[in-house]
Amino acid sequence: MTTNTAVAEKTAAPIPRKSPVADPDEANIARLIVHGTDRPGIVSEITSVLSDFGANIIAFDQYTSDPVGGRYFQRTVFSLENLSVEVERLRAALGGALEGTGLQWELIEAKNLKRVAVFASKSDHCLLDLLWRQRRGELPVTISMVISNHPDLSEDVRAFGIPYFYVPVDKEKRDEATQRHLELLRNNVDLVVLARYMQILTEEFIDEVRVPIINIHHSFLPAFIGAAPYRKAKERGVKLIGATAHYVTKDLDEGPIIAQDVVPVTHKESASDLQRRGADVERRVLSFAVEAHCQDRVLRDGNATIVF
Amino acid sequence: MTTNTAVAEKTAAPIPRKSPVADPDEANIARLIVHGTDRPGIVSEITSVLSDFGANIIAFDQYTSDPVGGRYFQRTVFSLENLSVEVERLRAALGGALEGTGLQWELIEAKNLKRVAVFASKSDHCLLDLLWRQRRGELPVTISMVISNHPDLSEDVRAFGIPYFYVPVDKEKRDEATQRHLELLRNNVDLVVLARYMQILTEEFIDEVRVPIINIHHSFLPAFIGAAPYRKAKERGVKLIGATAHYVTKDLDEGPIIAQDVVPVTHKESASDLQRRGADVERRVLSFAVEAHCQDRVLRDGNATIVF
Amino acid sequence: MTTNTAVAEKTAAPIPRKSPVADPDEANIARLIVHGTDRPGIVSEITSVLSDFGANIIAFDQYTSDPVGGRYFQRTVFSLENLSVEVERLRAALGGALEGTGLQWELIEAKNLKRVAVFASKSDHCLLDLLWRQRRGELPVTISMVISNHPDLSEDVRAFGIPYFYVPVDKEKRDEATQRHLELLRNNVDLVVLARYMQILTEEFIDEVRVPIINIHHSFLPAFIGAAPYRKAKERGVKLIGATAHYVTKDLDEGPIIAQDVVPVTHKESASDLQRRGADVERRVLSFAVEAHCQDRVLRDGNATIVF
Amino acid sequence: MTTNTAVAEKTAAPIPRKSPVADPDEANIARLIVHGTDRPGIVSEITSVLSDFGANIIAFDQYTSDPVGGRYFQRTVFSLENLSVEVERLRAALGGALEGTGLQWELIEAKNLKRVAVFASKSDHCLLDLLWRQRRGELPVTISMVISNHPDLSEDVRAFGIPYFYVPVDKEKRDEATQRHLELLRNNVDLVVLARYMQILTEEFIDEVRVPIINIHHSFLPAFIGAAPYRKAKERGVKLIGATAHYVTKDLDEGPIIAQDVVPVTHKESASDLQRRGADVERRVLSFAVEAHCQDRVLRDGNATIVF
């Protein structure tokens, strides 16, 4: 299996670029995510704690699935002077205020960018769009590695200074590939993005990876579930084609949807035209979903999502 | 069954309005539709005939499913002085030119507006949109009658001067309703439009009506086929909802699609919000489809459509 | 001038319809709008008061133009048992909490629908869309009257049970019409909507009417300011046409924008086709803007708007 | 001036990729463009010639600005066996048939890809999108060179195997830069694309370059003509931002529009957010316009365009 990593060792020196999204005060910005069963007074309790610390709320979003006894979701972005010094004291205060409420919460410092592994095969459009947006400072992430079952895109990826791991997936040895994937990812990443990765992940991978997985499906789900959606779309004569970014669960193409978009098409487009038109939608939708996730704007609500 | 028609007799006097789409020269405008197996020279042969008659081509669209041996579709709009006098001679000339080609063709004078029956139930949005547009001169059709399984919308419809026939549909007596429908429609209409008509048509009706039927389905087909698509859309957590206008065949929700559109939605929308947002898409998509059909811009190609 | 009102007296009996948006608990729902210079702790202070009263927050939106020293905007929707009994006590508590903050605030009970006067001329599409949505229960407003400089649409309006006042606008006697308008509106309405009203309002009217005025402009402002935007759009060869709903100020077509939308067009569309296609956008955009305004979701920020 | 070209000499070896759009029969495909004053029989005359040669029409589009005496535009795509052998004989036949009609026409073999020079400054989004699409085989063009007034993007461009010419534009020596540009382009390219090139072209350049120039303007023209459209859009509070691809004429931002698109924005977006959101629209619109132009689908009609 060492042969796979050998490819990565020749990684070209990265092109120096501006650093990821960061302004002077970013070190003082944090995001607080709260969710659980709704009960009166949540907003007040939480904002009181923030107010006591002198935090300045920059953005506040909340959603209740039902005014009475619904599920509650809240995302608060705030700035707090000397955040890194204060953060543990703040954590303790929030923990005290929310104790016994049954609410789950998480406090994330904005400076801690999520570490992302991108899986790709031979198609470059989604992968390149992510790499390029990250380089431009549009995506607040660290792309830690690209993993592919083909060597084709290695040069492109390494030009961005990002390691490329070629892990072939042999039908008879899928478990071996899974092990290799898990070795590469373990403790190294916070998110896996499938950027038109043309292999089905094993159940073991999904169980063991322990970080969210975002996939881009090349149709407007739930229409055209499964393989070859553009051919099916052509046959059915639809007038719009689309793409869907969703979290991966064990039910193929059935996980919570994060983002979707479509473009109009006509009878003139062949199945391969649809594929090409669709590729534009895929890269746009996937980049949007990855950005939203990495800003902690996507909260899961059963098999649906709240996108603040 | 006479009780049903009794309601129609009280039809209010129509509000006088400007006549349907018509300009001074409309009497001289015709549309020629040609389709069949593609072969070299079709365009040349047909336009030669038109040219010999001194016709002026206003719009010309053609489509070949495959450059070699594909299916061919052509729509030509032209003006010809004294069309009503010349039309039979032109028909003969076209018949001669196309004899033996195996191509099917039809020549339609634009002044002959298609006569339409609209079927509705209790929802008024699609029905009223068609009536308004027709009255404004936007839809080149004659709305000959509205048929409903409920009496609720009779006042609204009759205010437009259009007959309203209340034909209740009793589950045990669906055949009786079918007979009543066929009696009302036979020789009276060129198109049936189902404007959120909440009854499934009988096979007999579809067999016997002998005119095309356009339905509006309240989802982006083939997603959410069947009943309650907005509830299903909410449960699946989709980020877009849509509507589909299609020709009715015996395969429910499977007929050729004419037009589709979507609008973005978020987690904030309840299932009933989706229904309301969706209603806007439904009326827009259905009106578009009816207009396109009535201008002979929709050609069927197997289970798909060409929309010129 | 009494002749003008004479027309209104013959108003037909209204068609009984379901009442405007209302569910059993609507009587207990209120909206709190707060805006002013941002300062730390606002959210906490306000939500504490609501929490003390046992109010349940249904929706909460806030926006700060700048994290430091920006302008602050907040809209909170909550339910409170026995609201009508508690409302004055709540008002006092909020007044106390916000005293000295320099923040402006308003508490609106959802059951108090805004009273709207719609101005129209001869085009019916925007007017009918508003009347129809209100009747369906989609628009939480009371449409108190329609005022027009033409008698053409009186029948249509009165079929909805709404008074129609025909106030001709003579170029030489525009002040007279203004007086008549103000007489009709004074203390009777909370909002004026110009639904393709083809007269320029006098400065006096804008000064004296004392309620917001929403207009629909038939272009994507600031493109094609002024008259005949569809003709100008055709001449400029644009590939999209649109509509803009905005508040009316003394600067014609320059007031704060509430909503905008566009549709794609091609070279095939004539100027009158653009007008027709545009009409669909106009009614959609205007209805959206009126609904948002009447739910207190639109806050003015200088010459821009916050739309929650 | 030799220093400028020195940079280009180090061009890295191109990454081998699949060749541009080409299928086995592409060598036999041609496009015929005809335009001029409309007269009866044009379609028939032209298609007769094609039919006599045994050509098979693949696509046919026509447009008349007015049914009577309007301007006529036609684009025909056809395949003809042994096109390269037959093309001169066909040209002669078409010339004969169209002689004296006053119509202008051009016959283009599809295999002759248009040669394109892309001008860029520091922003990479439009430039990279063109390079990626060309490499993927989506854009039927040869990108012959990139010219920039900055050296920043040279590495990125040369990774595609495309020459990069750094031509600084000194305000006092703009004529010198113009000369350098013209030297590089003369006889070498068929199209100039300004991919967010931040220098105004000299009148001399526009006069002398002798090939069409396509520019991407970062607003929905004619709104926000001139500099800083995103800042202006923020100030005006618009709810949509867009981009416009147009041919360059001497009237800045006033040339014929080829394509436009918009995206919705809200009060939450800062001027720099608008810029970033807008960048996505810019690259999409520019790529669309370049593709359409290079397939000869864009015909100029005064200051507007026909896009087939």
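Chains: A, B, C and D, in written order; residue numbering restarts at 1 for each.
To be clear about the criterion, a residue touches a chain if its C-beta (ideal position, glycine included) is under 8 Å from a C-beta of that chain, and two chains touch if they have at least 3 such contacts.
Here the structure is a predicted model, which is why all the values come from computation and not from measurement.
Asks: Scan B-D, C-D or B-C for the interface that duplicates A-D, counting it as a duplicate when over half of the contact pairs agree by residue number.
Replies: Matching more than half of the contact pairs of A-D: B-C.
Asks: Quick one: report the Å distance separating chain A from chain B, using the average Cα coordinate of each chain.
Replies: 44
Asks: Find the geometric centre of each of chain A and chain C from their Cα atoms only, then give the gap between the two centres in Å, rounded to an integer.
Replies: Measuring from centre to centre gives 39 Å for this pair.
Asks: Touching at least two other chains at once: which residues of chain B meet that condition?
Replies: Within chain B, the residues that touch at least two other chains are 59.
Asks: Testing understanding: with touching defined as stated, what is the shape of the graph linking the protein chains, line, ring, star, complete or other?
Replies: Graph shape here is complete: every pair of chains touches.
Asks: Give the list of chain C residues in touch with chain B in this complex.
Replies: Within the complex, chain C touches chain B at residues 15, 124-125, 128, 132, 136, 138, 155-156, 159, 268, 276, 280, 284.
Asks: Considering only the defined contacts, which chain B positions touch chain D in the complex?
Replies: 25, 40-41, 43-45, 47-48, 50-51, 54-62, 64, 67-68, 79
Asks: Looking at the complex, which residues from chain A come into contact with chain B?
Replies: 63, 220-224, 235-240, 242, 256-262, 266-268, 301, 303-307
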